[in-house]
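Letters A, B, C and D mark the chains as written, and numbering starts fresh at 1 in each.
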Amino acid sequence: MTTAATDATPPRLPAATPPQRAGTATPQPVGDTSAEPSGATSPEPVGGTSSELLAVVASRALAGRRTVFAGIGLPTLATSLAQLTVAPRLEVVYESGVCGAHPSHLPETIADAVLITGAEAVLTMPALFGYVLQGGHIDVGFLGAAQIDKWGNLNSSVIGDWHSPGVRLPGSGGAMEVMANAREVFVVMRRHTPRSFTAELDFCTSPGPDRALADGIRPLGAGVTKVITDLGVLERAGAGEELRLVAVHPGVTVGQVREATGWDLKVAETLATVEPPTEEELRLLREDVDPKRVYLR
Amino acid sequence: MDHVDKTMTMRDAIASFVQDGGTVALEGFTHLIPTAAGHEIIRQGRRDLTVVRMTADIVVDQMLAGGCVSRLVSSFVGNSAAGSLGELRRRIERADPDPLVYEEYSHYGMVCRYLAGAQRLPFYPLRSYGGSDLTGVNQGLRKVTSPYPGPDGEPEQVYVVPPLNPDVTIVHAQRADRSGNTQLWGLTGIQAEAVYAARKAIVVVEEIVDDEVVRSDPNRTLIPAHAVDAVVECPRGAHPSFAQGYYDRDNAFYRAWSHISKDPERLRSWLAEWVYGTRDHAEYTAKFGEEFWTSLAVGEALSLPVNYGRRL
Amino acid sequence: MDHVDKTMTMRDAIASFVQDGGTVALEGFTHLIPTAAGHEIIRQGRRDLTVVRMTADIVVDQMLAGGCVSRLVSSFVGNSAAGSLGELRRRIERADPDPLVYEEYSHYGMVCRYLAGAQRLPFYPLRSYGGSDLTGVNQGLRKVTSPYPGPDGEPEQVYVVPPLNPDVTIVHAQRADRSGNTQLWGLTGIQAEAVYAARKAIVVVEEIVDDEVVRSDPNRTLIPAHAVDAVVECPRGAHPSFAQGYYDRDNAFYRAWSHISKDPERLRSWLAEWVYGTRDHAEYTAKFGEEFWTSLAVGEALSLPVNYGRRL
Amino acid sequence: MTTAATDATPPRLPAATPPQRAGTATPQPVGDTSAEPSGATSPEPVGGTSSELLAVVASRALAGRRTVFAGIGLPTLATSLAQLTVAPRLEVVYESGVCGAHPSHLPETIADAVLITGAEAVLTMPALFGYVLQGGHIDVGFLGAAQIDKWGNLNSSVIGDWHSPGVRLPGSGGAMEVMANAREVFVVMRRHTPRSFTAELDFCTSPGPDRALADGIRPLGAGVTKVITDLGVLERAGAGEELRLVAVHPGVTVGQVREATGWDLKVAETLATVEPPTEEELRLLREDVDPKRVYLR
C-alpha cells in the first residue's frame, strides 16, 4: 500500500538524470515496488546478491526485538525467518491494522484477506497509528525510499521539484509516522547507487531525528539505525550520527561501496564481512517461508 | 421508535449528495473501496470536485480520467503495490490534460484531519512532520506550543493538522439496515471517522439486512444510523478491491491498471466501455461474467458467537 | 510465532504491578468494573496510591476505606444513581480520617487525558471547560490558541488536558487468550485507551479461552496482546457490576452500599468480612452462595456470526 | 451514572443553610438521584404536580427533535412518550454509548444490560463523546443539577467551597460536555426552590454559552433553553438571554414562582398556562411506557 511498509524495495528511479519530464519511455516508478508476486519485471539485483541474502541479514538484525511494523515482500521474508530463528516471539504489525496474523497463504499485500482471517486483532486506523505506532509500541519499522541521505532522512514523494516533479512518487503513506515513532528503523535497499544514496534529497518526506530537532520538534525514536543493501550494511546509533559502513558482503570492497554512495561515506573502524546465509537459514526460507518463491527471487 | 428508510439507488444517492465543486471523501484502506460510487460520479459527469482519499488508487485515477476532479487531498498516490496511476502522474507531472491541485499529507496526518473533523476540533496534534519538507509545500501543517512543559522542562512544540469536513463521505461496508446502522469487519480503517466528519454520508453495502441481524451484535455497528443519510445496496461495489467474507481482491485488475492507465487512449476506451458503457454497477458486474466472480469467491470462516445475554 | 503466556494469579499480578505510591487506573464504565482487583489491592495493603477512575464508585469507596488511596483523579464521584459514597464524602468534606487530594475533571476531559496518554501527545484539545469553575481548581486545564482562524476569521482558543499515563491500568473483560488478546463486548467504554496509556496493563477476564476463539473474530479484540502484561482469570470479578452475557448487575448491593458506607464502623466490618476475611475472589464469590449467583444469571442472546472468508 | 444524563432529578440539598460541614444527619445528597426504581424514599413532589406532569411537558418539548442525550428516570418517561406521540423518530443516545436501544425491560440505569442486548449500536467513549456529542449530533440534552442560575449555568459539584465543601456532589460526569455541545439543553427540576434557582452558584460545573464566551471560548450550543419544574416552565433562546417564565402549571401564580426563584425572575409578556396532560398522554405513560410504575411516582 505504501512505501512506508508495503515493501522495503524503493520505487526504481528512471534511468535518465535528471528525470525526463516528458519521458514516456521511463519505467513506471510510482508504486512499482514489486510487492506484487507476479511482478516478474524486476531485474536480478546487481552486485551478485539476492533477496535471500537481504532477507537473511535483515532477519538476524531482528534478534531480541518484540514488535515490527513491516510490509509485504522482503520484510515478510525477513520477519518470517526471524520468527523461525532469532526472534520466535516477534509480532508483526501491518499498516492495514492487522496484529498477530496467521495467514493460510503467503500474503500478497498488507491488506490481503488471508492476513485478516485468523488474526489475533484487527485495529482501526486511529488505534493503529495513534495507540500502537505513536503510542510507542513498535521496536523496529521497515521502510523503503527512493532516496536516503547520510542522516537517514528519506524521500518517497518526488524526483525533481515538488511543485512540478519529474517523477511523482507515492508519497509518505505511513512512512513519516514509522520514522517519527518506531524505536528504530531498518531500511532495505536492493540497489546501492549514488542516485539513491544521495548527498541531497530532492525532497525530504520522512525526516530522521536530526531534522526534527532542527525544526524544534522532539523526536521519539532513533530514526534509521540500519540500512541493508546489495553491497553491505550501514548503521547509525541515532540523532547526531551519520550512517557509516559497518559490513560488506563477501567480495565487495569498501571502495565499491563508497563509489556507490553519493556522499563521503564513513567506514567503521572495524569493518566486518557479512556472514553468508547458513544452510539452515536458506532451507527455512526456501522450504518453510516461501516455498513457492513468491518473494524469493 | 420508527425508523427512517434511507435506502436509495446509487444513481439517486450520487445525484442528491455529490455536487459540482464539492468535497467528496471516499475511504476504505485497500479493503471496501467504494469503486461503484466513484463510477457513478463519473457517469453523472460531476466536475471540479475536491476528492479526499488517504490512498489515492485506481478509483481516483478513474475519476481523474473522467474529468471530475480538480483537487486531490491524499497521503499516498499509487496503484497499491502493482504499479503506476497513469492519469494521476500525467496530471501532476505535466498538467496533462489539466493541472491537479494536490494537498499532500502523511497517513496519520489524514487520520488526524478526520479525527478533528469528526470531533469538531479546530486542530489535531500529532508527532509527525517535524523536519519534513511537506511543511514547506502544505500550508495546512502548523505548529502549536504545548501549555505543559516537555520532559526536559522546556516548552514543547508539536505539529497540528486542520479538521477535514467533507461535503459528503462515501464508504463501502458489508451490511447495514435500512436506516443506516452499518456493520463492517476485517479492515475497518478510517471509515467511521470519515463518516462522522462529513456533512452528509452515503453508505454503500454488499447487502441490506433485517434489523434483527444488526441488533444481534450492536458492537459490530461502527457507523450508527444517526450519522448516515443514504444507504445504497450494491453487491460487489468494491471491485477491484475486496469485501472480507464476500469476495476476494482482483489482483489481476490491479496489475492490468498500470498498463491501461499508462496510455491515455487505452484508459479512455476502458472508461467508455466499463463506466460510460454500463448503466449502473449491476451492468458492470454482469459484464465480467459469473465465471469471473467465481474466481474471486471465498469460503466460510465464521466468527464464533458471543452472548449478549437476556434478562430472565 | 510463539506466544508468551502472561497468565498470572490475581495475587501475583497485583503484587508485581501495583506499587505503593503508584498511579493505578481502574476503568469500566458501570460495566466490567475491576472490583476483584480493587479488593486484592486492599488485601495486599497498598498505600499512597493515586487512583484514576472516571466514575469513582463502590470499588473506589472501598479502596479509600482500605487506606490505600491518597489521591483521586475522576469525573464522577457517586454510587451510581443509588446513593452516596460514605467514605469518599468523609474524606473530601471532613478529611476524615485523612485528607484526599481530588483532581476533578469532566467525563470527556478524562477520555481526552487517556487519548493523549495512549497517543503520546503532549495535550489533547476539547470543546468543554470554557467558563467552568473547574478551571480555577484544576491546574491541569489550560488553553491553547488554534493556529487556524476560527469561523469568524479571528483566532480561536480551546481548552486542553494533559496526557494521563498510569503506572498500571487494570480492566475487566469477558475473555482473553493466554497472551493477552482481549475481547469485550457490550459497553466497551474507555478500556482500550486506558490500557494503551499505561506503562503496564493487567487484564482480568471472566474466562481464558483457546486461541481459536479469539482468532475467529479478530475485530472483537479491542486490546491486543502487545499492550497487555498480565492476564488474570477471575470469574465474577466485576461484581457488583455486570459482565454482559455472563451475569447481571447486583442492584441490591448498590443500594445497600449507601447504607454500609454511611457508617464508618459498618463499612470497616464489611471490609473485614468480605475483603480481609476472604483469601481471594473465589472465596468472596463462594461466600455469596450459588443461589445468589443464580439470581444474577442471564439467558442467551447470541450474536449472529459474520463470515471472515477463507481463500479457496 | 452521572448528573449529566442519568436522571434529570438533582441531588436533594441538605435542609440546613449553610450546609452543615459536620452534619451527620443531613440526607445523602451525593448521587441520591432516585434513578433507582426502588428508591422509594423520594417525597411526593411539592406543588401538587407529579412525575407524570413533568414527563408530559418534557415530551411535548421534543416535537420535531431527532436525537436526545438522556438519562434514566424522568427522561426515560419523556422520551418514550415523545416517541409514541410528537417525535416518533426520536433516537435516544445514552452516556454509556448505547444508540437505538430496544430494551426488553424498563432500564434501571443508563448502562443496564437490557439496553445493550438488541441495541442498534454500542459506541466506545471516544466515539460517544467525541464523534456523537462534540461532533454535533445531539439536538437536545437532558441535564439535572443541584443549582441553576438565570443564565442556565449549572452546579453539580459542591455545596459550599470546592476545597472544603459542605456537601460533595457527584460532579460533572458528562454534563459539561452535554452543555457545551448539544444544540440545546432541557433541565427538569422536581422542586423549584430559591436554593436551587439561585442568584449565585456555589460552583459552576457546567457553564452555559455566556460564561464560555466570557472565558474566550466559542460555544457550540445554545445552553439551557428550557427548564421544567413543579411550578412551571422557564425558557431562554441562547447566549445573552436570561431564563424567563413562559408558563405556569394550572393553579400556580406568577408570584409563587418568583418567590421560589433566587433571582428577580423575568416573566414573558404573554404567560401561558401549561396544558394539563391529555387522557391519551396519561394512558400511554401508564399503560405503555411504565406500566409497573417504576418511574411514575
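Going forward, a contact is a pair of C-beta atoms (placed from the backbone, for glycine too) under 8 Å apart; a residue touches a chain by one contact, two chains touch by 3 or more.
Since the model is a prediction, treat every value here as computed from it, not as a measurement.
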item	value
Both-way neighbours, i.e. chains that touch chain D and touch chain B	C
Of all other chains, the one whose Cα centre sits farthest from chain C	A
Cα-centroid distance, chain B relative to chain C, in whole angstrom	36
Averaged-CA centre spacing for the pair chain D and chain A, given as whole angstrom	58
Centre distance in Å when chain C and chain D are each reduced to the mean of their C-alpha atoms	27
Per-residue overlap in chain C, given as positions that touch at least 2 other chains	115, 119-121, 126-127, 143, 150, 156, 158, 185-186, 188, 192-193, 216, 219, 244, 248, 298, 301, 308-311
Sequence positions of chain D contacting 2 or more other chains	98, 113, 116-118, 122, 130, 134, 181, 220
Chain-level touch network, classified as line, ring, star, complete or other	other
Chains touching one another, given as label pairs in label order	A-B, A-C, B-C, B-D, C-D
Chain D - residues contacting chain C, complex	1-2, 4, 6-7, 21-22, 28-36, 38-39, 72-73, 95-98, 108-113, 116-118, 122, 124-126, 129-130, 133-134, 153, 157, 162-177, 180-181, 201, 203-208, 210-220
Touching residues (chain side chain C, partner chain A) in the complex	1-4, 115, 118-121, 177, 179, 181, 192-193, 196, 211, 214-216, 218-219, 221, 224-227, 308-311
Chain C residues within the chain B interface of the complex	119-127, 142-148, 150, 156, 158, 160, 162, 174, 183, 185-186, 188, 213, 216-217, 219-220, 244-246, 248, 297-312
Footprint of chain B on chain D - complex, ascending	66-67, 83, 88-93, 98-100, 102, 104-105, 113-114, 116-123, 127, 130-132, 134-137, 181, 220
Chain D partner contacts - residues on chain C that touch it in the complex	29-31, 55, 74-85, 88-89, 92-94, 104-109, 111, 115, 126-135, 137, 143, 150-151, 156-159, 185-190, 192-193, 242, 244, 248-249, 251, 254-255, 258, 262, 298, 301
